[in-house]
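As structure tokens, here come the structures.
Common to both upcoming complexes is chain A, partnered first by chain B, then by chain C.
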Partner chain A sequence: MKAITKEVLKDAASRLMFDMSDEQYDTLEKEFEIIIKQMKLIGEIPDVDNVEPMTFPFDVTTDFLREDEVTEPLTKSDALKNAKDVLDGQIKLPKVVG
Partner chain B sequence: MNYLDLTIKEMHEALVKKEITPLELAKEAIKRAKADTNNAFETILEDKAIEIASELTEPEENNLFWGIPFGIKDNFSTKNILTTGSSEILKDYIPVFNATVVEKLLNAHAVPIAKTCLDELAMGGTGTTGHKGITYNPYDPKHERLVGGSSCGSAAMVSAGIAPFALGSDTGDSVRKPASFAGLVGFKPTWGRISRFGLFPFAPSLDHVAYFTRSVEDAAFALSLLAGRDLHDATSSNKKVDDYISNINDTIKGKRIAILKEVIDSIRDEKVLTIFNNTVEKLKENGAIVENVSFDLKLLEACYPTYMVISCAEATSNNANLDGIKFGPRYGGDTYQEVMCNARTKGFCELIRRRFIIGSFSLMRENQEDLFLRAQKARRLIVNRTNEILNNYDFIYIPAAPNIAPKFTDSSDKLSTNYLIADNILVLGNFAGLPSITLPIGLIENMPIGGNLMGRKFEEKELFKIAKNIEDGTGLYNLSSRKLVK
Partner chain C sequence: MNFEAVIGIEIHVEMKTKSKMFSSAPVEFGAEPNTLVNPVDMAFPGTMPVVNKQAVINAIRVANALHMKIDQELWFDRKNYFYADLPKGFQITQDKRPIGRDGYVMIKTNNGEKKIEIERLHMEEDTCKQLHLSTYSLLDYNRAGTPLIEIVSRPNIRNGEEAMKYVEQIKSIVQFSDVSDGKMEEGSLRCDVNISLRPIGSDKFGTKVEIKNLNSLSNVEKAIEFEITRQQQLLLSGVPVEQETRRFDETRKETVLMRKKTDAVDYKYFTEPNITPIKLSDEFVKNAIETCPELAASKKDRYMTILGLNEYDSDILIQDKDVSDYFDKAVKFNASPKLLANWIMVDIAAYLNKNNLKIKDLQLSPEHLSDLIKLIEEGKISSKQAKDVFAVIVENDASPIDVANELGLVQMSDEGAIFELILEVLKENPQSIEDYKNGKDRALGFLVGQVMKKSRGKANPAMTSKMILDELKKK
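So, the complex of A and B:
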């Protein structure tokens, strides 16, 4: 497992597209110490690595497929309704290619 | 007592007899909502409520929810109505559709009164992290104690007598814990029993639609309305919806109840234990077989970190769509990455950002085995043990919290090693997807404390029956309204 350093946490934040203050990273570092310690303890529980990871509370099989009918679930105006910057029916962003 | 202080069932009877009208109820609810001092609301729906209630003139005898005022946690999508998730990043988001549960309530002619505050994006347990600030406990006029979260506004709304019903969501204990602190019934069904379409996802393997009522019977009525398969939610169950009402007063003789020994051992407050034990004695008098069962201390201690890792990991990926582009405020930037980064830095509170990093780190390839996958394996062991107990017993019964609502000065959203098993135990119901209900069992210094029951999956009917038996024994039916009258 990756060692926790402030740089690692800053890198994780930048991949998540946000930033935090130095003080907040300090809090986070302390929280990680706790989590890693607790997860190590979990690793010592007998059989923990002999079971399959559980992704849902119980197996749910959905064998239903809806009919493949053409509908318009969302109109263009609805889709754009909450965007702050719209131009010619599209969401506007800073230029990517000059 | 005002008609608005009644339970849904009693209010329905008064509506059918035309002792009161939906409009009068809605007006009283709006009046009380506007006078709220607990910071329960994101948006009060005055015009909408009056418009809907005005059209309701002929009572529907077989429709319990006709004309009933209700609240909606602000992480349920409401068409053309602001839905913020109590987050700055969604502070002006207006959905274009209704969540299925909202649609069902509107179709039943229930009257929406307000959208309620929550811990930001439902990721907290204190009712202090929403963008509108702290939500207070109506039982504590000094505003020193929390009401709990994340469904803080819905809890405060029902507890303060503003409506007899409010929707919440429950990923770890977000309805069942505040119910204990606010003197309410808080219920979540089996995972898949109620459609989650339109509920902002937090951790979908743990998320449930849940709600607050003033009585066990009301909780059963609400499930009758809200349960069922929904084509918009592939995880909703095809299982037939039971009749939750007819047998609710049946005998509980011979029912087997497990009390978790380690949970009781971790509770320091003798008064909580005395109140809890009184209800146990009553259950025994009524013919139930109640036994102490050891769960496994290591597994119980694993609950909290397992929950943190799984819920944060799921939340990180679910909230990746909150980028400030399709919706959310724009704060500028020279590149689209800067636009996103500015929106997300300003849009999420510190707690949310810390949790996202915990989740993201747990999911990184080099960490997955030790963190995310290990947590998922621990979850399986915890669930296996829970179900093993429920093979031998009909219910698990525990105090819903180790104490009355804590003071803000004694509570924190930061992780610590100093936590009680009894403070994080309700998550068993989310790990295993089991139906679970909290109900008031007593008062300590005028603050309520609840008991919690969990049953086998899809056996809500049995759960309501045993909960009703406890409620009859304590006499704490509609507790919060009686507090107001006093």
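So, the complex of A and C:
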């Protein structure tokens, strides 16, 4: 696995279009160190190759499917309430492709 | 060196369900932006996805039509990526357990039939529509969450024609099964092509290029043929093909670079924990398949074996679901299938073409078209007169017999009335009777013509001819 260094975190932050202070990067780096140590511990559990990953706490299935019926959607103003910038009823973003 | 192309195609089909894949917001085309969204589509905290039953039925129908193994337990996965087109930060799809696996479809090419193998078919949700302008992008979430079927072929397509026929088959299946509009130009059927070249005989794959933005069947063929030539020229001049995404430029008729593929994105797929695995009963699957609207192949077979149409006509009728549906409705009213097919393919097609209409916009009901043809079959009007009636009813769907009467076209099929005219004509033309007796067959034609004239064109010509002949024999 890729080592989590300050450079990796900075690169990830830049891809997600935000930045932090050096102090915050230090804190985050340390937190990752702890998480990775814990993961290593889990990785040391023997004989798990043939164990199926467990996604659900119980081994159950359902047969429920939603009928294809429409309910009232949000009003346009509610749908756009969280958007910082709106133009022509659409959410306006900084340009995301070149 | 000779190369062969290795082509695989991914097709995304937007389903025409009433509601979305995981939410009950409406699915519509062309609505005002951001008016068809609900909290699930916007990923508001606490919302949960609930699988649409009709979308599952649709996926089963298409998987069955493609001869696939159907997984009767539905599992969904998260495809994680950070981009504004899906506000959740992931797309819900089926990665590990697609609903359909290992199918095939038969295509007909100029080199005969070929089996195209299909690796998988899975359900997922569509993303929002992005409009990229010069300095900003606009987002419309109406499309976000629309149910999609993705169909992935195995790379055993070899040229543009095969690719085009393959897409055409898939399009026909999703349209006839009522799963989708399948309109490439509107994006309800979208296809991405992966294409690489390798020396003939090699079993290794070359570097593949992805082509996007193929919005018509003919562009699929053209783009692939162009791309094969482009890659061939690169390889022959010793330049390696680069892994990249290209799009087809319609005006320049060539593929152009969109972006180079650098590092492959890791989507970190994992099981969607908010959807408990769903078990589909045998009965549910069976029912979905049995209630599937009739597909083109079955219609063609029925037209040929039961209705007695030839292959050429049958093929034309099944090119468009709406046309074949119109034909099916008209046939129920008992007119001759052959004549119906002809009228639909010639007269109706010409009318629609001239007025730039689709058969769905046609005023003329299948019943009245059938009635018109029955008038011809019963000898009440000639084929030529039927065209005049057609010109009226195609605009207003009036009853053909009423229009024929109004236009004074209904043929005189009343034997008594025709007989009177025949006696008059024979009396006025003794010379023609003589001529006929002396073996001049043309005399008969002349006499029929005279009767037609007296009836102002309304006498049934076949009937008149037969009756004159009977009379002449008596003389």
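Throughout what follows, the second predicted complex is superposed on the first by the 79 of 98 C-alpha atoms of A that agree within 3 Å, B and C clash if a C-alpha of one lies under 4 Å from a C-alpha of the other, contacts with A are read in each partner's own complex, and residues count from 1 in each chain.
The working rule: contacts are C-beta pairs under 8 Å (C-beta built on N, C-alpha and C of every residue); 3 or more make two chains touch, one makes a residue touch a chain.
What you see is a predicted model, and the numbers here were worked out from it, not measured in a lab.
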item	value
Chain B versus chain C as contact partner of A:V96, first or second or both or neither	both
Partner chain(s) touched by A:F32 [first = chain B, second = chain C, both, neither]	first
Contact breadth on chain A, by residue count: chain C or chain B	B
Partner chain(s) touched by A:V60 [first = chain B, second = chain C, both, neither]	both
First, second, both or neither for A:L16, with chain B first and chain C second	both
First, second, both or neither for A:D49, with chain B first and chain C second	first
First, second, both or neither for A:D68, with chain B first and chain C second	second
Shared chain A contacts, counted only where both chain B and chain C touch the same residue	15-16, 53, 55-56, 60, 62, 64, 66, 74, 82, 91, 93-94, 96
Chain A contact footprint on chain B (complex, rising order)	92-94, 96, 191-192, 205-206, 231, 234-235, 237-238, 298-299, 301-302, 304-306, 308-309, 316, 323-330, 333-341, 344-345, 348, 350, 353-354, 356-358, 360-361, 364, 366-367, 369-371, 373-381, 383-384, 414-417, 430-434, 457
Complex contacts: residues of chain A adjacent to chain C	15-16, 53, 55-56, 60-71, 73-76, 79-80, 82, 87-97
Interface residues, chain A side, partner chain B - complex	1-2, 4, 8-9, 12-20, 24, 27-28, 30-32, 34-35, 37-39, 41-43, 45, 47-49, 51-58, 60, 62, 64, 66, 74, 78, 81-85, 91, 93-94, 96
Chain A partner contacts - residues on chain C that touch it in the complex	17-19, 24-26, 32-39, 42, 50-56, 73, 82-84, 130-141, 270-271, 273, 276-281, 284
